[in-house]
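Labels run A, B, C, D, E and F following the written order; every chain starts at residue 1.
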Amino acid sequence: MYELGVVYRNITRADRAAADGLAALGSATVHEAMGRVGLLKPYMRPIYTGAQVSGTAVTVLLHPGDNWMMHVVAEQIREGDIVVAAITAECTDGYFGDLLATSFQARGARALIIDAGVRDVKTLTEMNFPVWSKAISSKGTIKATLGSVNTPVVCAGMLVTPGDVIVADDDGVVCVPSARALATLEAARKRESLEGEKRAKLAAGVLGLDMYKMREPLAAAGLKYMD
Amino acid sequence: MYELGVVYRNITRADRAAADGLAALGSATVHEAMGRVGLLKPYMRPIYTGAQVSGTAVTVLLHPGDNWMMHVVAEQIREGDIVVAAITAECTDGYFGDLLATSFQARGARALIIDAGVRDVKTLTEMNFPVWSKAISSKGTIKATLGSVNTPVVCAGMLVTPGDVIVADDDGVVCVPSARALATLEAARKRESLEGEKRAKLAAGVLGLDMYKMREPLAAAGLKYMD
Amino acid sequence: MYELGVVYRNITRADRAAADGLAALGSATVHEAMGRVGLLKPYMRPIYTGAQVSGTAVTVLLHPGDNWMMHVVAEQIREGDIVVAAITAECTDGYFGDLLATSFQARGARALIIDAGVRDVKTLTEMNFPVWSKAISSKGTIKATLGSVNTPVVCAGMLVTPGDVIVADDDGVVCVPSARALATLEAARKRESLEGEKRAKLAAGVLGLDMYKMREPLAAAGLKYMD
Amino acid sequence: MYELGVVYRNITRADRAAADGLAALGSATVHEAMGRVGLLKPYMRPIYTGAQVSGTAVTVLLHPGDNWMMHVVAEQIREGDIVVAAITAECTDGYFGDLLATSFQARGARALIIDAGVRDVKTLTEMNFPVWSKAISSKGTIKATLGSVNTPVVCAGMLVTPGDVIVADDDGVVCVPSARALATLEAARKRESLEGEKRAKLAAGVLGLDMYKMREPLAAAGLKYMD
Amino acid sequence: MYELGVVYRNITRADRAAADGLAALGSATVHEAMGRVGLLKPYMRPIYTGAQVSGTAVTVLLHPGDNWMMHVVAEQIREGDIVVAAITAECTDGYFGDLLATSFQARGARALIIDAGVRDVKTLTEMNFPVWSKAISSKGTIKATLGSVNTPVVCAGMLVTPGDVIVADDDGVVCVPSARALATLEAARKRESLEGEKRAKLAAGVLGLDMYKMREPLAAAGLKYMD
Amino acid sequence: MYELGVVYRNITRADRAAADGLAALGSATVHEAMGRVGLLKPYMRPIYTGAQVSGTAVTVLLHPGDNWMMHVVAEQIREGDIVVAAITAECTDGYFGDLLATSFQARGARALIIDAGVRDVKTLTEMNFPVWSKAISSKGTIKATLGSVNTPVVCAGMLVTPGDVIVADDDGVVCVPSARALATLEAARKRESLEGEKRAKLAAGVLGLDMYKMREPLAAAGLKYMD
């Protein structure tokens, strides 16, 4: 947020297995496993449904209406990264289109998370390059002012440090600090392993009230039934 | 809006045939047949397109970030119901996911209408369990505070009384008071029966100006044509 | 914005070849070719994805909650037109549904651009009649007050003069003044013809930094790399 | 919400002493005394600061851009009433200005609560006629369509039944159902009577942590202090 | 909206007496006198209450985050002008502060209308230089890209042509096309001359229902009174 | 954002003279002196106009609708601090009123910056305890869930680290990292020292075009004057 005109080339990426493995769990389960922290604001929406990815964050800080640093961050992408783009003020312009997506994809990026707008969404969809954004807009940008690459940024209300793990799907986008990636993967897997059995019970008509033993605490809290 | 900590078990549901029959008419026709009242605010959007349902409302009032009462309302669901969830303050958290949907579906619910967020939307789509909501969000909720079940609630700006009929499709969500359900069904059917003929005329190039005999009243109102 | 109660029957439409040819370029490229002006606000979204159209604007100015003039504008539509609807105040009501779409389509309209709401979106989708709107809403409208047809209007923040070219796709909606239509088509085609080569280079891993020769200006602007 | 074209002349107003006495407690204390229910959405703001009122609700339901029923509700105002105006759809038009305020004030109204816009705010301020509204707008309205007077309405997300008590000040607007007015007055007074002592202690430097004996429950919940 | 890089030095300003005289009538009366057109969106708010101005528009079109053209427009200001600033995309940055206000005031400007942000509001208030804006923000801007001066612009949803009359007060901002300025002044004065008598009657308790003879049309429309 | 249930008692506060001295410069000048970074989103507004403060940040992270940690942070306040409150999700509830303000003020706090709502604003104004917030709301909060104190937080889109300097006035709120406080003070003073002379020139009618020598770069950029 505070450093402009700098590109950090060497960042410490989270454990690769964790970064890759979290996608399968999905953002909701990962968010729960984190203790319900790390979620970007829910106005961040995918440009098409069905994409489910995770990867290591490389970050870029841009100015409103200026996508110059997008080309700078492209060089810092490594296989398995997800680019996280923050803007120094509110903006809905289309910072990113099919040419940049071609470049990002060639460099190994799995997705873009951008707190602004994106365009060429039809082509991006055909390319299977998912983007989570605040807006879709034809409006292009100029290339005039320096931002920064691989500094900590605030994207859609959440702090993202380069190397953190990003998990994104139809439900939203979660950031997992790299130091917590492995523990979160483990916790998320444990959560998920318990869900199959619960689902079967609920499908059979068992109530959550009974399965989670909620009747007593509800009564203790004062819940009254009226006929 | 005013009663907390209470569950009403016996509610009077609207006429079943009316509750079932209104789905086919769609929310726009039903809204017209009601005299253009009953619509929830248009920020309520379906999580996937194409669903078209109607059913009897069971209501639940929840606190921000707390979905405890979702498990309480599950027990009150009967075949053909639609759950209408209101929150005591603005909230976009994901109150509802695939486990609760499994339970609701097992109990016979046809849909959820919630003035907040929902998650696991990919799975809900696969389950064919439609939700109309204000937001999609991975953010989970706690289970700490009592709300109420089957009291009148305000959901997305509209009063919903338990037993009312809910009609929801891609155009939005309408609430039909149970006492007016049959009359509304009849009026909506009459509206629709007239549409086929109109559509054929318009498709043949007849203008609404002529079909609806608008030229005179427009001229009377002062409309001028310039060449 | 200022004239009410008037219908202009004779408008000068933009060059037909330009009006037809711009669709293929898409709103983002056209917007760039215009010098990054002409875009309607990005809250204008298509009711279904994949439509890509261009055509000549016929305009209609409506009052909040009143769609009377929609029937008046229908008569002024010619093959290849796109109807652009502006409202004198903010409104999300559903001004337009399948009957009007049938009429518009029969008259030769290619699309509707409306700074308000639309309904019957399922049927409109089946009819392949695309609409870009601010909202989707079941709420119908009355027919009581005169607006105007084919006067200049402000739609979603952009001035649209009758006869201008409208270009709309998944990225948004652009208005090209009729006097600039041919030059814009030429400029947009030139832009696009250069994109194939660029895409191939970027796909091969060439960086935009090098392809666009940005390294020097970035260094001149003071960009620093840290290891 | 559902009844149009009707004026109820005889409504049961809440206990007068309670309706008058609640103003002094303020909306925040009354809201707490109600069990944290009854608040209209916080986008409702006073047109000038410092007003603090309470009174009995007479309600009016209006259409977007149409203030005809404002003249109808004026006749139903009695000394000590507050007019609560709801609209059948979102609207920011200026439904109310100095002429209507003169009439309302002459009839004994203490304030207007309107889920839309208001104008002539400079004159209203000089007249000491407070309004809580969603917007301020010069845009006038027409007089064409029937709404209703003294039916239950949803205003800014809250159900208001004619005769309920409205409490409004700089913090917002609360609705107290008439049946709960006296009990709420009592509970609010009790809350307030305890505040003086607390304020003195806190001003003397005593911490809420100690005054409310929170240290133990915080530790029990797992709070950790780090040096 | 469409022309960039141009400054028009010679514009035709509206009749001076009309431009000066409209302030006293206020934006609400002027808007009515115009036939309820011409209002900028109601999100435009004054930075302090009580200012009431009118004057001739000089326009400036700016890019997001770039106030370079503000210095260009300063030179085009004449005594009695009001600067109307539009932005090519949504932006809340603080384009204007006390230094520019000093310059504008020295050139004879009466106010600024800006569809973006402003800063130094405390000093502007002390200087009695009123601004109507979308936002207040400390965020400064750069000087890098050409816009235009004295071309038609869309500001807060309304077309403003250089030389038009702007009327602004606590209720909002209205644009009166220069050709209609005199007629509007006359119509607004007639409206106002009738208000004193009406106000006296309403203050005496006469109802609008009777004063405006609404009882019959209301009954004709079907209004029913219930006891 | 990521750590819950922890209170850091020992934080390194920014240089006191810098923390105290920045108030006089104001948020706009400080923001410029920082290189146009550090601004919280402009929806953060003061509850009354005219307050201008700076101080060292103590931070608190709260859950939606839960102000328990407000009492915990009170104990960590030292003379000259400003409390910065962030919430784990969007919320407009009134977390803070006159009792907490009494406590904060007794502990030496100069202000509260909160990305949520506040209440008792009339009393807070009388107490001269300024608050910058997203909303004003009567809605109270519960005390049930642990957050944290003096961890880095994201407040209104900006990262705030405990000990940073907060500068707030009518224009907004800026965060200055503690390591940059002294340099920023110096840079801001230099900026301001140049303003008096500029203001005098502009007041005398000198144009910014000449004072800043902009005519040449504008011409070089292609600006054209038309008569």
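Please note the rule applied: a residue touches a chain if its C-beta (ideal position, glycine included) is under 8 Å from a C-beta of that chain, and two chains touch if they have at least 3 such contacts.
Values in this document were obtained by computation on a predicted structure and should not be read as measured data.
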| item | value |
| --- | --- |
| Count of contact steps on the shortest path from subunit A to subunit E | 1 |
| Any chain in contact with subunit D as well as subunit E | C, F |
| Angle of the C-alpha superposing rotation, subunit D to subunit F, to the nearest 5 degrees | 120 |
| Pair joined by the larger number of C-beta contacts - C-D, B-C | B-C |
| Approximate Å spacing (C-alpha centroids) for the pair subunit B, subunit F | 43 |
| Gap in Å, rounded to a whole number, between the CA centres of subunit D and subunit B | 28 |
| Distance between the centres, which are taken as Cα means, of subunit B and subunit A, whole angstrom | 31 |
| Per-residue multi-chain contacts in subunit B, two or more chains | 36, 39, 89-90, 92, 139, 145 |
| Chain contact topology (line, ring, star, complete or other) | other |
| Listing of all chain pairs that touch each other, if any do | A-B, A-C, A-E, A-F, B-C, B-D, B-F, C-D, C-E, D-E, D-F, E-F |
| Contact set on subunit A toward subunit C in their complex | 5-10, 68, 70-72, 74-75, 92, 94, 97-100, 102-103, 105-107, 117, 119-122, 125, 135-140, 143, 145-146 |
| Partner subunit A, residues of subunit C touching it in the complex | 26-28, 30-32, 36, 39, 42, 45, 49-50, 52, 169-172, 174, 195, 198-199, 202-205, 207-209, 212, 214, 218, 221-227 |
| Subunit D-touching residues of subunit C, taken from the complex the two chains share | 63-65, 89-93, 139, 142, 144-145 |
| Subunit C-facing residues of subunit E, complex | 1-2, 4, 34-39, 41, 88-90, 152, 154, 157-159, 177, 180 |
